[in-house]
Every structure is written in C-alpha cells, then in structure tokens.
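After the structure tokens below, expect a handful of questions from me.
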Amino acid sequence: MSDAVLEVEHVSKAFPGVKALDDVSFRVNRGEVIGLIGENGAGKSTLLKILNGVYQPDAGAVKVDGRPVRLLSPRQAFDSGIAMVFQEQSVLSTLTVAENIFLGREQEFLRWGLIDKRRMNAAAAVELKKVHLDIGPATPCARLTFAERQMVEIAKALSLDSRIASDITILLDEPTSVLESREVELLFSIIRDLKARASIVFISHRLEEVLAICDRIYVMRDGKVVAEVPAAEATVHALHTHMVGRQLHHEYYREQRQSPPGDEVILRADGLGKAGAFRDVSFELRAGEVLGIAGVIGSGREELARVLAGHAAPDAGALTVHGRPVRLAGASDAVANGIGLVPAERKVEGLVAQFSVAENMTLSALGRFASRGVIRFAAERAEAARWVERLHVRTPSTAAMTGGLSGGNQQKVVLAKWRIAGVEVLILDHPTRGIDVGAKEDVYELVRDITADGLAVILLGDTLDEVIGLSSRILVMRDGAVTATFDAPAGGKPEQVRILEHMV
Amino acid sequence: MARIDLQAWLPILVLAALVAVVSLYDPGFFTIANLLEITANTMTLFLMAAGLTFVIMIGSIDLSVQSVASMASCILAVFLPTLGLAAIPLALLGGVVAGALGALISTRLRIPTFIATLAISGVVLSAGFWISNAQSIAITAEARDAWLGWVTGAFLGVPNEIWVGLVALAGLSALLQLTPFGRLIRGVGAQEQAVIASGVRVERVKLWAFVISGFMAALAGVTMAGRLGSGSPTLANEFLLPAVAAVVVGGTAITGGVGSIWRTFVGALIIQVVRIGMTFMGVSVFVQQIIFGILLIAAVAATMDRSKILVVK
Amino acid sequence: MAAQGLAGRAPRPASAMAQERRRAAAGGRLIEQWRRWAPVVVLIGLCLVIGAFNANFFSTGNLVRLLNSAAIPVVLCMGATFVILMGSIDLSVEGVVALAAVVASLLVANDVTAIAIGHLAIVPALAVGAALGFLNGWLHIRLKTPSFMTTLGMGFVGLGIATAILGGVTVRISDQSFRYLSLGRPLGVPMAVWVAALCVVVALVIQERTRFGRWVYAIGADEVTARQAGVPVERTRILAFVIAGVFAALGGVLAAAQFGQGHALIANGRLFTTIAAVIVGGTALSGGVGSVLNSVIGVFIVVVLANGMVLMGIPPYVQQGAQGLLIIAAVALALDRSKLAVVK
Amino acid sequence: MTITTAAGGIARRSFLKGAAGLGAAGVLGAPFIVRAQDATWTLANSMRSVANPYHATFAKGGEEFAKSIGATYEVLVTEGNSEKGIADIKALLQRTGGKLILNVDPNDSPDARTIVEEVQAAGGFVVTQWNKPDDLHPWDHDPNYVAHMSFDGVPNAEAVANALFAAFGGEGGVVALGGILSNVPAIERKLGLDNAIAATGGKVQLLDFQPADWNEQKAFDITQAWITRFGDEIKGVFAANDGMGLGALEALRQNGLAGTVPVVGIDGIDAAVAAIEAGEFAGTVAWDPFWTGSMGLAIPYAHATGKIDITKEPHEHREFYGTGIVVTKDNVAEYKANPPQTDFNDLWGKATGQIQYRSA
C-alpha cells in the first residue's frame, strides 16, 4: 500500500473569470515535509482552502491514506487528519491554551457533563511537550506571543495523533513570516522531530528556509503545479526560475505608457517608523511616478501603506507634502492633503455596497456637489457618468447599486472616487487582488492614465511581476526594513530574481 | 431609483391591514374624524421616533429621549411665564445639549451608545426634577393659547399637531434624502469603515445625528406639554420603548444603514393603531400586552432587510 | 549575471521587528491586567468614600443588608451575562421575573387558588422561565431578528401573561416555609443571599467547566472561527437564552418569597439596572470579554452606590444623575478600547 | 409568519370575545367585558393599570354598577403613559358617538383638563378621581363634567401619621417613603405628614424622606439603608402608600424589626389590613376603591337618565372628598367584619365635605 498520507489528484477550481486551480496533483508521504511555493496568485491559497474544506473542488479528488474524502467544513478536514495552521491565527485569545487545543472536541474530558479541567490540561501538556512549549496549559492565549500561539496551533494538530485512525498532515501557511530567527530555529527543530508523528506541508515565500527543512518541493504558477523538485538537488535560483516562468510581455503592463517622473516632489518620507512594523523608511515621490513596494507578508509594507494613508500613526520620522510637513491624525487629514487609499478589502474600506455608483464616486467630495446644503443630483450624475465613461466602468447606470458590480468595476468606482476628490497621491494596496485576469489589464491601463494626469502612485503589487511591470522605482522591504531600491525605467526593468534576493 | 419591491411597501400594507381589521370590527373607526384623531395622537410619538431614526440608522441607539422630552416640558412650563415665546427654543436647546453630550461621551470615551445614553438619561432625569423642583407645573390657558397655539389649535379642520408632524416629516426627510449629511448617515450605518477611509469626519456625523435626536425629543416634550397644558419631570414616561419600536416596526434596521423618516411615520401609526385598535375592538385589557409583544416581533421579522446582515447578534 | 547561491547563507539575524513586537505585547499585557481589576478598584473606592461619610457603612449589619439587596440582582445578572458575552442582549428580564413570581405564588399556599404544593412550586416557575428563554433564542435564530427586538417583544408577552393570569388581583402567599427562601437566616445570613451565592457558583461552573460556557466565549470572540472549529453556534445561542430565562425565573421566585406576594409589576425597573450592572462590572457589550464574577462586582457597585447615596443623605432627585455619571466612569475605565475598531 | 396573517388572525371573533385568549386567564381573570342590555350609554373606568390591587378593586366597582343596570362596561389603562390614556378615551368617545359615561383616575393631574374638554366636546359625562389641576372645576363645564372625587391626602395622611406616632408612644424619629415626587397625591401625603410632625411640637422628628416612586422594591432597599444609617433611632416608618409600606415591612422583617417598628401606609389594600391584624402595620387609610369605582359612574348615570340634574347640585356635591377610613388595630376587626358597603343609589352618602384648595 503506497505510504501516501495525503494525495491531491487532478484538482481544478474556477471562479468567474479566473481559473484558480488547473489539474493540480501532488502527494505527501508519511513522515515527509513537503514544500509548496509559488508567487502570490499562483493558486496556493485556493488549494489550501480546498484542503481545509472551505472550498470544494470542481474536479478531481482529495485522498487521505488512499481513501477519497469529501471535505465540507474545516471541522471535517480536521477530523480526517488535515490540520491547518493559519497565517492570521485561529487561536481565540479569550480561551486558555488547553481550551483552544480541544475547542469543539471537549467530549473526551467530560465527567457528568462537566469538563474535567485537570485531565484536559494534562492531555494538553502532553501535546505541548511535543512542541517543546513550556507554557502552562491553563494560560490564557491573550498572554501568548505570536510564535507561542503558533506552537499551540501545531499542538492542536498533533492532538489528533492518538485520537483518529488516519495519519495526520499539518499544513503550515507562511509560519515563519513574523518569527525571530531564534523562533524559526525552534520551529524547524520541532518539525524535524515531528516527522515520526505527522507529515508536514510547508508553504512559504522564504525559499532558503523551504530548502533547509523540506524533503520535496512543489512549485505552483498560474494555478498549475509546474515543477516537483527534491530539496537536495534544488537551489534558490532554480526555484526562482520555476516560480517566475516567462516574464510577461511589456504590453501586458502598458510599459510603453510609463511616463518619466516629473521633477516636483509631491510626497517625501524621512526615517518613517512604527514599532513592531517597520523603521527608517525614506523616499521621495514625484508627480507621474509609480513607486512600487515589494515585500512578502511580515515585510511591513502593509503597515507602511496604512501610515501613509493616515489610518495609523507613525512613531518616528516625518512626512512632507509639497515641502510642508504634515501630521496625519486620520484618513480625513490624508484626504485633505491629497492622499487617497485604494484598500485591499474593497467591500470593507473601499466603498459602501448599498450606495449607488454615483453616491460612492462623490463620497469623498460631497461638499463640492452640494449648494446651499442640498445635493446637486444632476451635477453628481453628470460627473459620475463622465468617469463611468472615462474608466469604462461596466454598470447598468450610475444609479445601480455598487454591490452588484464585478470586482474590477468596483475597483474602478473607488479609483473614480479619488479622482473626483482630486487627490494627488494614490496608494494602491493590492489593486488587482480578487479581480479576473481580463479586468487586471483595465486596472493597469488606469494606472497609466492616472500617472499621465500627473498623479503619483504608491503601489503594493499583488505579484512581483506586477510591481516590476508598473513601477518606475521599486523599494524592496523585508522584516520592516528597506533592503534595496531599484530603478525600473521603461525598457530597463530589473530582473525578478535580483529583487527576490532582497525580498525573501 | 432603487426598484420598488414588496420590502419597501410592507409597512404601509401592514398599517392598511390593521386599519381594515379594526374597521371591520367597528366601522366607527374608519371615519375621517377618527383617523385624524388617531393621527394627531400619534404625532408626539412620531416626533420622538423621527429623531431617533437618525441615531438608529447609524447603528447606534439613544436611550435618553424619554428623559429629554420630560425635561424639555419642564423647561417650557417653568420659563414660559417669564420668557414667553423664548421658552420654546430654550427647551429645544436643552435637548440639543443632552444629545451632544451622549454623542461626545460615546465617541471620545469610546463607550457603546447603549450605555452612554443610558447614563445620560439618568443625568437628564435629575436635571428635569431640579428644574421643575420635583413637581408638575401648570401652563396657564392664556400662555397656552398665546404661544402654544401651533400645538393646540387646528387649521383647515386638521389638528395642528398633524401639521407639526408633517412639517417634521418633510423637513427631516429632506435632510435625509437631499443633504450630504443625510447621505453620510446612510453611509455610516451601512459601512462605517469605508466612509472613514473616504476622508469623512464620522464623529461629526454622529454628533449631528444625536443633536437631531435630542432636538426632536425636546420638540416632542414641548408638544406634549402643549397638549396636556403642563410640564412634569415624568411627563414622557413609558415613551422610550414604543419610540424604538415605531422606528424598527417601520422597517428601519436596528443594525443601521437602511431606513427613512416616512417609514418611522408609518411605524408610529402602526404602534398607535395596534394599541388604540385593541381598545376599539374591546380586546380585554389583560391580553393587550401579549398581543403588542407578539406583533412587535412579527413586524420586525417582516420588515427586516436580511440581505445585508451576515451575523445577527 | 551569476546570482550568488543563497543556500549557503546563515539564517537571518534576530530581527529587531520581532523584539519590538514582543515588548509592545508585554506593555499591552500590563494594561490588560490593570483593566481587568478596574471594576474592583471602583467598588473599593466607592466603599471608602461612603465609609468616610458614614462609619456604620462597614458595620456587619449593613454588609448583610447590602448582600440582601444585591441577592436578586446578582441572580438576574448571572443569566444576562451569558447572553451579553455572546454579543447579544436580553430585554425580557422584567417579563420573565414577573411571570415566574406570579406562577410561583399561585402554586404555593395563597389567598387566590386552592393549590399549595410548597417548594415544588419552584419547578414550574423555572420551567416558565426556560420556556420564555427558549422562545427568545429560537425566534432570534429562526426569524434572524436582532436579540434586542426579539427579547423586547417577549418581555411584553411575559408581562401580559402575568397580568392576564391574575386579572389584576395580587396573590398573597401564606406558605411560611416558602417564604423561608427569603426570610430564613441560616448562620445569620438571609437565605436569598445563600441562593444567590449558589447561583454564582453554578454560573461559574457553567462558565468555566461546561462546553457551553467555553463555546459562549468562543462565539463572543469570533463566531466564524468558532463555527469552523465545529462549535454548534445556533444550539449554544438558544441555550444561553434558556439559561438566562431560568435565572430570571429564579429571581422571580425570590422576589415572591421576599415580598410574600406575586403581581405583574414586581420586576418594575429591574431591566436597566441588571444590564448596567453587567456592563459596569466589565463585561463588554460587544461580547467575548468579561465573566459572571465581573457581573457580581457590577451589581455591588450599583447596590453600594444606591445604599451609599441614602446613607450620605444625597437629595433624592440628584441620585439618578449620580448613578448615570458613575456608570460612565466605571465603563470608561474598564473598557478595553484598543481592539474596538468601530464603536456603535 | 408575516404581519398580515397575524393581523388577520386577530379578526377571528372567537379570539376577541373571550376576555383573555388564554385558558388560565379565563379561569382566574374576571372578564371585564359586559355586553349591554341598556345600549344607550357605555360606562368606562380608566386608570393606571390593572396590575395593582387598588385599581383592580376600582375597576371591579365600576363593573358591579354596570351589571346592576345592565349597561356596557369597559376598562381602559394608561400603563403610566398620559398620551395613551387620553388617546384611549378619545377613541372610546369616537366609538360610542359621545354616549359615554367615564370615571377616570388621570395618570397625571394635567391630563384631567384635556380629558374633560374632550368629553364635553363629545357630549359624554365624566367624573375625575384624585388628580386634576386646581383651576379646573366641574361647574365650569356643566353638565358634562359631573364631579371630581378625591380624598383629602393631607388630613388623612395626618390622621394615619398620628396613628403611627401613637403606636410608638409619640416620641422619637420617623422615616418617610414618598411616591413619585411630582404626583399630586404624593405631595399632599407628604404635607399631611409634615403637619402631623409639626403638631407634635418637636417630640417627633423626621429623620429622612426618600421617594420610592410607589415601588416596593425601592422601598425595601431604602429601608435597609435607613436601618444602617439610623438603626434604633427609627421609631416608625411612614409610607405614602401600602405597596411601599409592605416593602418597608419586609425590610424590617429581614432585620427582625417587623412588629417592633410600626409602619403605616395608605390605600387600605388587603395585605395592609392583614398586616394591621398581625400587629406589623400601625394603620392604613382605606379609600374604599369599590365605592369610588361605582359612584363615579352612578352619579353621572343618574344625571344622564334624568334622575337628578347635576347642574343644580351644590358645589360640595360637585367636588367632594370621599371618606377615608383610618384603619388601626383598634378598629381593624370591626372594619373587616363589615367592610364598607356601597349602595348604588345613595349617591353622596359617603361624601365628607367640599374640597378645599391650599397653596401647594
């Protein structure tokens, strides 16, 4: 009987307009540590969601110990031996370590309907020993550091060991992104001695760590598994080339329309810093320029974007707009100084789903569309119509509910909002996330239109390729520090590989 | 504009059904005189609920409206003899201050509005007792006719209270539908983070919502004092929960975002027709509260717009 | 352009970011620690102020009397806490207390009905509480109506049924053994206080030692994660309202025993004091944070204040305002505001 | 279940006819709907709520009188909300086309003016109880405003206060529980107590006065605090109504003082009378709500049917005090033996003098 613990066979999954997974197959044998790498948008997160029972595959099957299993919920996946350790923690801080480990599975410790805390803590202690976490099982998780919480989640996975028949596979999603090197060493030593108990799938951007810990590595790109490489023979460079595949042609990113930056500095940052997120970030942003920021989770670029948009306050450094120093106490200050944020979560911070297209577009400049206290609806409709036409927004009318539009069109409404508000600096936080491939090109076209109109753009690209393609200058960040700066003029774009070296 | 679906017309259908049921039982109910009478009696409840609509539409709640109305009636009764007409704006100012206090405590100290306004209602109640020296103060007939005619009189055969209610309905609806403030109220209720991220000073929107709620509660108090010819620190007792019910039964979601003033106007009439209807139909006094409770839950279930709410707490 | 091989590089130096994060977390824990004790500090502060004004505030007699006044509110708060911990709210407490008091007083020896089943009467009274509680939870889940409105409606229904059963008459209880529930003084402490203490213990066991108790915290913290871990969210929600109903009914029984009579207005004014006590005790209205012990502290803050204001001779109509200001102060101190992105 | 079916459900006659839809209520609750033989006049009593014993007996009195003459009788409740009280009365006037005889205990004194004006406009007849503005008089609204019945809170409170002082030997401190501060009866009864205390020439002092808003739970908590504050200085407890008195009594009982520290209340509800028999209450004032409930309808009915012409009656028949019977342990046995009888025809038998107005 093959000792494959977990198999994914010809799994495909499509969403409207995008094929997230295209005939993916891979195997995890007992006691093996498998690496799974790939750029953002390569399909890794969709695959994990299928293994975790959040999504169901359109085709193909998932097998545990050779038997096909139907995974309809995270709990079903867990009970079948597939344990997920999330990027953004699923440990509940209001409960203790032991309670988190056995959440939803407390029957085992019931005596006359009451939880026998002593037995549960003892059982939890057994699991904690396996991960060398010398923390009392009764400690409330609110007091644990990120790394300690991660260990609790791994312990939770290991608690399946003696409790279910099938073997256990633990999926670690970006486990080391916010760990100190000492904590990474600890995690690796634990993974090594877990081999006897469970097999591991290690998903990470940190290629040298993947090489250091994994037995075999699958590389994914554009929803397909493009390579399966034994770790012994692999090098970081080889992995990079697999990950990158052909460089998308210049036309895709409208490179020819990349205008040289103007000479007037709109926004300057000097030694910007925020405890626990990033420090000593400096740059100048000129009109018509696209400043790309490359970095993986934990690099601090998301927190930087929030500070620049006024959503969070920096601890150190200064920001100047047109030479005037500014302090952004809130989003309203940023907008007043001409800085707008196109957020990663459109539906939460981007727009109001119940508002019409016109109402969303004028939200940031409502004052201009009212005279003597009453909204000038005609003027508002006209302005909205102008931008719907200019940005090719596919909507039945400017009165249509924004919630009903596709992701791409909603993004265009957000962009129109800031253009109407007359901002000079636009911060694009993963602007093409959750947008189908066709609409992505529209967004790239818009970025070019924006810079052509003299605005400056700060881009947190979804993929490295996108950052390179769109940006005129690229800041590379890792662990909260700017590790390199590259010029990326049209026709002189830097190699992805050279940026990756400073990024991961 | 948004397509008119059953959801939007439901409150009016419910009201019509209730009026039909009561009229079937007693035709005397369905006369112009009586319908005017009932509408006039509903206006004080509507005025308070109309102000409350703004607060509920941003997903908050104002538990101080009852005490504010009573305090306003005391201010009116105490100062009418000396200040004359100026007593009315003074009473309304009292409501504005109470509303602003509730908003500031909630936004500055970041305390949920349920608790902030519960505390403010205690403070306002004390103020009412202090101003009225803990007793009800009569408003002389002359003072009533001189300055409160707009409440007690009639015009074109219609009691003035209805005109006051209609003016409030028109004014507040215009404020909600036509002004930037009204749009922001809907925005904050539907998706507050997006409105904040768009650069809007949301604290200011909330402050104005509570100021309007305080103002309207005080106006309700002044109208009540005009009708009853006196002010008292407990004049508006038992008004808070019916006012909240009127807003929600009208179809404004308790979780915010969806709603309008005319819905509250219909909601207030529904509450009144249910309560008065039961008297008309001779429903035993003992059963009225049971029916009122059941109808409240049924009306909320019927008028709720569930498409928006993922987790109902 | 040969890329230098990365494999050989030593793992990254200890990054400054992780250390800063660790320090920030430690600082956060200190504030978190202090916030948990804020209600106790407020209570002690209050006692000291009142004690300074009137020394016999600290007399054993007064402490027993405080316990006695706090007994019924504590029982009501035990139930209300579980509902608020889940982020919901129960406004039906006055209706349930009234109905349970009326049912209990009609079933013990009384001057209206011939029935007299003594202490057994407590069981049907609690059953009534459980039934109304179940309706609260079930309707809230099935109709997807907010708990605010569902329980508000159910409160009216409870009051209505209590009024209807009695038809306006007040039931006077003549069964002295039933009244022992309030009048008895084992070890010099009123029976109602022992019952309330038992309720606290039971609530604590439910909160700490039962699956339901832990699931309430899980749902209050993050309902989606709880559901994914296999927590039966709907069943837990309904059970929380049932438990709140039972505790409220027990409060009704104690009220009937205390006043030796049952009528529909017996719980008048208890709703907002119960919720204020739970919140002042430190349990967050948004759920996930707090415990039944916090609520006990909250009740004593409210009761001690009311008692103290009489002791200090504060003029009657200032008392309402003073209670309002204290609520604001206590909640402002206890509330953990860091994680509240949006305060509604 | 949408709202419309619920409303439709109500229309089913059977559900309405039964006074209370609930089986249990049918057994215990007196169905207050009496269908008419004499169809001309509808009789109605309006009061705060039917959940307290005083008002329940008031409603019962009205019902018995209506039965005696076979007229339709209904009960209206304000639930403490002035607006609702007035709106219900207007609705009933509308429904009966003005053919309404109303016996109303207004929620608050200002309500009386609006109610009288409405009844007069509709051509009905009204008798007000307890609360009315001082400048509102039946003879100014002849014949519709038939009479105002009240009980002089001041002398009755004074009398029962004296009964309290007598119970503890006339020397020492007393504490007093008041009704809702702004209610007229509350103000009158406080005045009565103050007069009684003044009359003792300093032998009796008022230790403290706190409002308990007619609520026995508040009375219980306040009394507990008093026991701490004054301890055995308290020689007696004065309560503005029996409900609060009973609350105070239970608080005393918790501290073993029931029976040693006398309590007095006002209203004369059964529980208070029983407490007097048990020696725990020193006294109460029985208003005989059955009498006010029935007489408030009998007098206007007599006028409406032409037996009397109210406009010719002297002022002390238009604004009069009923007889408050001060019940103490001496006369409690006799009071219980023959409870006050009500002769529907003896209209003013128990009237005791015209109402006097003092500057409040």
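Letters A, B, C and D mark the chains in the order given here, with residues in each chain numbered from 1 onward.
Basically, contacts are C-beta pairs under 8 Å (C-beta built on N, C-alpha and C of every residue); 3 or more make two chains touch, one makes a residue touch a chain.
On a predicted model such as this, the values are computed, not experimentally measured, just so you know.
Chemist: Tell me which chains count as touching both chain B and chain D.
Modeler: Joint contacts, listed by label: C.
Chemist: From the centre of chain A, which chain's CA centre is farthest?
Modeler: Comparing chain centres, D lies farthest from chain A.
Chemist: Any idea how many Å lie between the Cα centroids of chain C and chain D?
Modeler: The separation of the two C-alpha centroids amounts to 36 Å.
Chemist: Just how far, in Å, is the C-alpha centre of chain C from the one of chain B?
Modeler: Here the centre of chain C sits 30 Å away from the centre of chain B.
Chemist: Just give me the whole-number Å value for how far the CA centre of chain A lies from that of chain C.
Modeler: Centre-to-centre distance between chain A and chain C: 41 Å.
Chemist: Measuring centre to centre with CA averages, how many angstrom lie between chain A and chain D?
Modeler: That gives a centre separation of 72 Å.
Chemist: Among the residues of chain D, which are close enough to touch at least two other chains?
Modeler: Touching at least two other chains: 20, 22, 25, 29, 50, 181.
Chemist: Can you pull out the residues of chain A that are in contact with at least two other chains?
Modeler: Not one residue in chain A touches at least two other chains.
Chemist: If I count partner chains per residue in chain B, which residues reach a count of at least 2?
Modeler: Answer for chain B, listing residues that touch two or more other chains: 129, 134, 193, 233, 284, 286-288, 290-291, 294, 301.
Chemist: Name the touching chain pairs, please: which are they?
Modeler: A-B, A-C, B-C, B-D, C-D
Chemist: Considering the complex alone, what residue numbers of chain A touch chain C?
Modeler: 73-75, 78, 90, 92-95, 99, 103-107, 110, 113-115, 117, 142-143, 145-146, 178-185, 207-209, 211-212, 235-237, 240, 275-279, 298, 300, 479-480, 495, 497-498, 501
Chemist: Mind pulling up the chain B residues that touch chain A in the complex?
Modeler: It comes out as residues 1-2, 174, 178-180, 183-184, 186-187, 190-191, 193-201, 257-258, 308.
Chemist: Per the contact definition, I'd like the list of chain C residues that touch chain D in the complex.
Modeler: 54, 56-57, 59, 61-62, 65-66, 68-69, 111-113, 161-170, 172, 182-183, 190, 255, 258-261, 263-266, 268-270, 303, 306-307, 310-311, 313, 316-317
Chemist: Using the touch definition from the top, list the residues of chain D that touch chain B in their complex.
Modeler: Per the stated touch rule, the residues are 1-4, 6-8, 10-11, 16, 18-22, 25, 29, 31-33, 50, 74-77, 79-84, 86-88, 90-92, 94-95, 97, 108-111, 113-114, 133-135, 180-182, 184, 187, 360.
Chemist: Chain B touches which residues of chain A in the complex?
Modeler: Touch residues, chain A against chain B: 309, 311, 330-332, 334-336, 340-341, 343, 347-355, 359, 363-364, 366-367, 369-370, 373-375, 399, 401, 417, 421.
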